[in-house]
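As written, the chain order gives the labels A, B and C, with residue 1 at the start of each chain.
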Amino acid sequence: MKTALLQLIKHYWGIALLVFAWQAMVMVSGFNEIVVPSTIMVIQALVAEPLYFLHHSAYTFSAAIGGLMLGIALGLLFASLAWLTPVLDGVITPATLLVRSIPIVAFIPIVIRLAGYGSQTILLVTVMLTFFPCYVFALTGLRSPSKAHQDFFASLGCRPSGLATWRFYWRLALPSAVPNLLTALRLLAPTCVLVALVAEFLMGAQGLGYVMVRARSDLRMDVSWAAAMLATVFSVAFFVAASRLEAHLSKVWRH
Amino acid sequence: MNRTSRFASWCIGFSLLIFFWELAGRENWLGSAWPSLSALFAFMQDPSSAALLLRSSADTASNATIGFLLGSLVGFTLACSGSVWTGLGPGLATFATFVNATPLIALGPLLIVTVGEEVTPAATAGLAVFFSVFIATLSGLQDTNRDQSDVLSIYGSGKIRALICVRIPNAMPKVMDGLKLGTTAAVLGAIIGEWFGAPTGLGVILVSAMQNFQIELLWASALCGTVLSGLSFFLLAAIQTQFIKRLV
Amino acid sequence: MSFDAPTPPPTLLEPSPAPCTSGQALTSTGRPITLRSVGKTYALDDGQSTVRAIDNVSMDIAAGEFIAIIGPSGSGKSTLVRMIAGLEEISEGDITIAGDSPRALIAQQRLGMAMQDHGLMAWLSVRQNIALPFRLSGKVPDEARIDRLLQLIGLADFADVRPTQLSGGMKQRVSLARALVLEPDVLILDEPFGALDAVTRRQMNQELQKIWADKPTTTLLVTHSLEEAVLLADRVCVMSPRPGTIASVHSVPLPRPRTLATTFDETFRQLVASIAKEFDAICGLGDAL
């Protein structure tokens, strides 16, 4: 019992410290409780309206996860096409460099203007964000088979061009790309949630990002903080799940 | 593909991009919210709009710079403290995961009441930089290989000396990478922070231009943000090359 | 220097491997290979300089013959067998396998290959790895044959395990089984045991002999170990570097099966010693000056 508690402290002292600092700030600073809600108040706000929070969380995370999956699928599709026809890579790679160097968040207002206020915009932004890194990761993965693997396939008449291209792709190139795709998933998962929240925050219609602004203008700081906390918890859970999946599969994939 | 043909296909890619951008703007393919490149540059050359863009960029840049300096200092120090007091290790790892996945915007509501609306942009920028530097340093410090640690323990050197003599130099490439990512993160963080009620900055004109249909201003300020993060990235990359030259 | 061998060494060759176990009829499977003045020049990346890897190699290999190739690093052993396998363009000269080009052999999926880097697919189980050649040639895997091979390499209990969980020697055995599963007409082994320790290696030599005797086929084994070469082969080719040529060929007049006891045999040791002397001369000339 005592060692378990010690382990818990050892692993989670950072987070415990944050919660403690928060509560201390509320008590010491003398801020009005309406301006700085206490830990208890935030939890009470969550419990008071579970359906409200569930609705908005579902909205945020279906957009973020949906966009991420769509982006990965499209990235893989285009990477496969570029794997087949290197000329295509010459057209996509400059765009990749361009997109990688822009602060995507600054372009969300533009996408909102272009695509309108609605969930399609969130989807579009997350796809835009995830497509290019996924494309790069997937293409690197598709081209990663070792010389030994390629030689073995060639010794049975399977080369990346010609009649057996499909077999080469399906049995070697694609499986080789799996670890890279999972790395992309892990790296992009938190960013997708951030982007979805920002878009909702700016559009002000639905989702946890919207709840954060709306509650603030209603002077319901406890609700605003509850939404922020919920978003954080989900985002962390999403990231941890993606990391676990990656760690597990990369153990299988590597010799 | 050899170098020249790759270069050629990149040139073709870029020209196609610019060509279709201009065409889409002139023909209104994507609606009125997509300006042609020529209209955009004409707008940016106009003295009054240029002055506004410059002033906002300067504000955002100063927020980003303050955040960058503070965030990288704190991130680096905290990560290093983990290898001096090893008991902190597991907790730091959990903390790193948490930090990695926390959406920056979720900290906005907390920051505006604690540090105030005017300081929030610098604070979010600082947090964003802290995230990337902290994680990069932590992973860089873990890179010290077994042989090196063995040598250190054989000669019985203390943890602090080991940190300064071996671990930190070893971690430097990753730390530099983290700092490079941090430059973009700083601009991004500053813009997000400005959305929480700051009086000036690129973030402010981005949102107001979006709401008031000032399409050219909207695009121009996004472009300014890109230039800002691009410049700071290259500045740091240049410092890094200089740094590596010194070491070798 | 080049070696032309239209007259194969007398006793053991054609039809190959000699007295095997219990009157088992040794149908001479595999295809004969002919090399005529084969040369290879690599163009380097800078586009100007070239490397002469193989120079004027001629040789006749009988159907079902087991050939070992030894030589110092960089003497072109891999290049030579890769050309025979059709994985490398032939710069000049001609290689025919039963009258056809090496590419034809590949197209008919009659080639088996195992290399130092075992090249197993990490995402497939041992059984699926061995079945992969069937999949790649669009055939339905012959489960009975796969089971038999699994028995033969002693990994029947590991059929559903992934390669990650196997030791180096086990991986090489799987790689051998994979190379043999289509019962190829030509088997090419490029330093398959190069990464193994000495004890495992001796064990693997016995394994290889067992598997090979089960279905003898034309085999080319590249190795760095003289003992291994003499133990397994009908003929041992010694290559000299810069440019790579066949310096000499030695036939091995030892009866099969050759066991560990064979390695203490006087004939065996004399053969190894005489090849070793020649080998040292080749290396000394290359390195001492």
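Heads up, the rule we're going with is that contacts are C-beta pairs under 8 Å (C-beta built on N, C-alpha and C of every residue); 3 or more make two chains touch, one makes a residue touch a chain.
Everything numeric in this text was worked out from a predicted model, so none of it was measured.
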*Are the chains arranged, by touching, as a line, ring, star, complete graph, or other?*
line
*Chain nearest the global centroid, as defined over all protein CA atoms shown*: A
*With chain centres defined as C-alpha means, what is the inter-centre distance between chain A and chain B in Å?*
18
_Distance from the mean Cα position of chain C to that of chain B, given in whole angstrom_ = 55
_Mean-CA-position distance for chain C and chain A (Å)_ = 50
*asked:* Where in chain B do residues touch two or more of the other chains?
replied: none
_chain A residues within the chain B interface of the complex_ = 9-15, 25, 31, 35-36, 86-87, 89-95, 98, 101-107, 109-110, 112-114, 189-190, 193-194, 197-198, 201-202, 209, 212, 216, 221, 224-225, 227-229, 231-232, 235-236, 238-240, 243
*Of chain C, residues touching chain A in the complex*: 82, 85-87, 106-107, 109, 111-113, 115, 117-123, 132-133, 135-138, 162-164, 188
*asked:* Residue numbers of chain A touching chain C in their complex, please.
replied: 146-149, 151-158, 164, 167, 171-172, 175, 178, 251-255
_Quick check on the complex: what are the chain B residues that touch chain A?_
1, 6, 8-10, 12-14, 16-17, 30-31, 33-34, 87-88, 90-95, 97-98, 100-110, 113-114, 184, 187-188, 191-192, 195, 202-203, 206-207, 209-210, 213, 215, 218-219, 221-222, 225-226, 229-230, 233
